[in-house]
Amino acid sequence: MTGSQQTAQRRSWLDTAALVALVGSLGMAFLTPAEATQGNVARLFYIHVPSILVAYLCFTVTLVGGVAYLVTKRRGWDHLALASAEVGVVFTGLTIAIGMIWAKPTWGVYWTWSARLTLTAVLFFTYLGYLALRRAIEDPGARAQRAAVFGILSIALIPIVHFSVLWWRDVHQPPTLLRPDEMQMDTPLLLAFYAGMIAYALVAAALIRRRYRLADLEHRVEVATRTGSGVIAGDAVAAPTLEGR
Amino acid sequence: MAGLSAGRLLSTRTLCSVAPASQIVELRDVAIRIGATPVLRDLDLTIGPGEVVGLFGGNGAGKTTLLRLLATQLRPTSGSATVLGSDLAGEGRLDVRSRIGFIGHTPALYPELTLRENLAFAAAVTGHSGGEVDAALATVGLAAAADRPVNACSYGMQRRTEFARELMLEPELILLDEPHSALDVAASDLVSHLTDDVVARGGAALLVSHDRERVEKLVGRSLDLRGGTLA
Amino acid sequence: MAGLSAGRLLSTRTLCSVAPASQIVELRDVAIRIGATPVLRDLDLTIGPGEVVGLFGGNGAGKTTLLRLLATQLRPTSGSATVLGSDLAGEGRLDVRSRIGFIGHTPALYPELTLRENLAFAAAVTGHSGGEVDAALATVGLAAAADRPVNACSYGMQRRTEFARELMLEPELILLDEPHSALDVAASDLVSHLTDDVVARGGAALLVSHDRERVEKLVGRSLDLRGGTLA
Amino acid sequence: MSTQVALWPQIRAVAGRDLLRERRRGEVTWVTLPFGAIALLLIPLAIGIDAPTLRNIGPGLYWIVVLLFGVLVTVRRTGAASDADSALSARLGIDPGAAFIGKSLANLGLLLAFQIVVGAVAVVLYDIPLDRWPWLFVIIPAAGVGLALLGTLAGSIAAGSGGSNLVPFLVAPLAIPLLLGATQALDADLSDGNGILAWVLLMLFVDLVLAVVGVLTARPLQETQ
Amino acid sequence: MSTQVALWPQIRAVAGRDLLRERRRGEVTWVTLPFGAIALLLIPLAIGIDAPTLRNIGPGLYWIVVLLFGVLVTVRRTGAASDADSALSARLGIDPGAAFIGKSLANLGLLLAFQIVVGAVAVVLYDIPLDRWPWLFVIIPAAGVGLALLGTLAGSIAAGSGGSNLVPFLVAPLAIPLLLGATQALDADLSDGNGILAWVLLMLFVDLVLAVVGVLTARPLQETQ
């Protein structure tokens, strides 16, 4: 399959599934009963939480892609790491945006000092840094290796964000879902939540797939232009022009 | 990937794990870009054991860039490049580093350390003894200045120290960038002394210079770098 | 102490306030110690207008140290030293700095700035125009490379840029430390071009080299530095 | 052959050079500034305090970060005198006073950028109330000027032989009045503008002293390098 | 002509070189260390708090200073790779893993000295109670090891092309668990040794991860320089 055929390709089954799941999960979010104290605004939960969990997943894929690249040196792993990091950044941004919208009615401000909020922002900027690093390095091999190291190290933030509510006094909700001991949610709410998880995971997978293809094309363009000729650096140096020689 | 096995840390290391190469340098269709700038292109070069080769060319022609490629400081952008049997594009190039000597435009010495400390460090990481350090310093005529810090030494003394380092480390390929500059009349024989030494061990030498007359006496073959490639 | 009057800040400044000196360099019984180490002693040296002098000596003899003294980078430990009529021990030496040219072992250029930016800075602080910058770069054959950062230029290109700077600044005394090193065949005439230029304006030049044959063609008088003093 | 060079072009050239070098290297933009912002973030995590307290001590933390990292801005690598650097200054014979002022101006530009960006981070992170914000237009530049002058002075002292060891001891005592002025001027306990004014005047006085001392000592300091 | 070089001599040589260079330059001893102590002194001045509060947040402030200045210790000029420096490492072909460990050991030595001296200053200045002092013999080295490894790692990432700009982004996330472990382990609210132990174990875990990641990535990082 040639590159132009790939880009012109129609929506795949994955794209379709992602779209259907997304619509379905939004529908379920609105069908669940309103929350007792917060009312309708609490429905933001079904976007806020699944999207951050999917972002965690994306960053984990970036880690895996990085390690796999270092071991195998196969270009594809690097493309995967890049694609999933970009998608993860988007989902982290979504979580923060929804969180801020949610914060205004519940806490009265868009943002406040809180370990979780702060650290989520750090997570966001760290992976923006990951993407910036990739732009800064010209040599594809060096870029992939350094990015892999960065991707491995940055994963440390995820447990920190997750446990931050326990480690520091915090206005933010303590864990209700991912608690080892017991679940604290009613079944319909839980179903809507799982639907959201599946939907966002599918959306992420679809986006990653497209970005992966794009990275592959970019790489081919890079290789193709690399062998093209240009003005050789040394030709800029001429013999001195000394009058009266 | 040898580097990923932590077990290596506990074992000893074989620097010369590759089979003895038939050629010391083998470049085929090599191109180098730095950033977006093409510096070298269409390079083909073979240097066999026992050869001493001169490399000439105008300012900015790419002589230092070629030496840095062979010294594993740069990677080829395209083409196939092998030095001492190790591919310069791959990770293996890290393992031949200690077998490639290089004296460049700027002395590669720690300015705060004395001449002896500098050589002692080089000796320690490559498995040479302290006695060899003193011997090498004496050879280049710096025995009495051995305890001076590098930043209190003249430029010529610093370059002599680099010659001492290369004499001590006994590389199989020696790369010299304008070796005669900064050496005084008495010391200028260090260049041929060093290349003879390397060649006698079956190695090879590549000398960059602008002083064609002087260097052509030392080399068996001359190359000209022009328009980014070997003419 | 002119510098202590803040009023100077508001006025303009006369760089050449001293009377034209009869001699360009006058050293009498000068000694230099760096820290506790004596480097030069009993130095007597007079260089008059129009003279081109060669300075020879072994590695570590003190040639660079002598040039740095004359370039006002070091102060004499004892003795009387005058350059362009200004006492090198006193504060007045700061005011003759812009009239003394110096090209040393290491290029004195800002690595992040382009060749043109480097020269433009030198031009701006000494009252030269942008046109002169371009002319000087063209003279040394670097017009096409003017917008390359120094750290993306070869060593020879950097040295040529320093020659361009000195051609532009038109010093009355030019000090050259191994000027031929790193210049390619086409550029090696820059040395005599620069010294001729300075001498034609009634200035003087001092050339340090290890290549006696080549430099003795350019100079009117040769000096040997041995045992810390001029033989 | 006498060349007349006015001082103002020299000042402008020196400031321009420093800013250009920083733009190429991005040391302040990409290392010092992010580190400053991260420091603001880590401090509350380390001392584990709640939002109201943080709002209270927030301005103090901000000024501490500005002071400590501000010194880093002014002694950054591109500003520091390397060997080639000082050889070049010696070659060009720039007027020491003009060099001092030019470097200080460049430092001031970088410091103001640092203060503003890190200040915005502090306001967002710590939720600092900005009731008396018009005063900031005086206080931030006054602190910036003081730190810039102080940093340049420290740099030229450090450039001399053996001097670098003494920079911390020199900077700290001179920084204290600036820090005090800046924090007190924004202290919530002051109810009237007069209280602020007194502190602002203290800062301006320190600025003036530093400027005068800097220009007057530029020549002797340069000479002993 | 095969040369067998064990890794331990290389590690020792690298650590020795770094410490010797630092001894000659005195950058940590004469600049970073005094600045750290001065920072401790300035912080209470800036945030204007009273003695009891200070005693409470003192340990946190101490750790913040150790973290921020500790990073400076590890990226100091003598440790940073200059051009000549990296040319020399390339020439000698030091094993990347051995170089990583050697540099980390040197950094650790300097950091421990820094922690102890600045710690003494903090105890005196802030009147910090040392009820659980035996724990310090674990916590200080654990934090030192972590910071030393982190700094070395940051340094080798910065040495590559375009990498230096990102060091802050990398150091922060990894520093947080260290900082957290160190501050929480000494938190006055913990009444039993178990609470401390959990935090100490967290720190040791981070140390271990950093050491493993550092050694394993040393080769790829070196390779792309």
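Going by the order they are written in, the chains are A, B, C, D and E; count residues from 1 in each one.
Here, a contact is a pair of C-beta atoms (placed from the backbone, for glycine too) under 8 Å apart; a residue touches a chain by one contact, two chains touch by 3 or more.
Since we're looking at a predicted model, the values are computed, not measured.
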| request: Would you identify the chain whose Cα-based centre sits farthest away from the centre of chain D? | output: B
| field | From chain C, the most remote chain by mean C-alpha position | value | A
| Out of A-E and A-B, which chain pair has the most contact pairs? | A-E
| said: With centres defined as the mean C-alpha position, give me the chain B-chain E separation in Å. | reply: 35
| said: From the mean C-alpha coordinate of chain B to that of chain D, what's the distance rounded to whole Å? | reply: 45
| note | Residues of chain C that touch at least two other chains are 106, 145, 154, 156-157, 160, 186-187
| remark: Listed in rising order, chain E residues that touch 2 or more other chains are 165-166, 169, 172, 176, 180, 220, 223
| said: Give me the residue numbers in chain A that touch at least two other chains, ranges are fine. | reply: 70, 122, 138-139, 141, 235-237
| According to the definition of touch, which chains form touching pairs? | A-B, A-C, A-D, A-E, B-C, B-E, C-D, D-E
| task | Flag every residue of chain C that touches chain B in the complex, lowest number first. | result | 34-35, 37, 57-61, 63-64, 105-106, 145, 152-157, 160, 178, 181-188, 210, 212
| field | List of chain A residues in touch with chain B within their complex | value | 70-71, 138-139, 141, 226-227, 229-237
| Touching residues (chain side chain E, partner chain D) in the complex | 26, 30-31, 34-35, 38-39, 41-43, 45-49, 57, 60-61, 63-64, 67-68, 71, 77, 164-169, 171-172, 175-176, 179-180, 183, 187
| note | The chain A residues in contact with chain E across the complex are 70, 119, 122-123, 125-126, 129-130, 132-133, 136-139, 141-142, 145-146, 148-150, 152-154, 156-157, 160, 167
| field | Touch list for chain C against partner chain A, complex | value | 138-145, 148, 154, 156-157, 160, 186-187, 189-190, 193
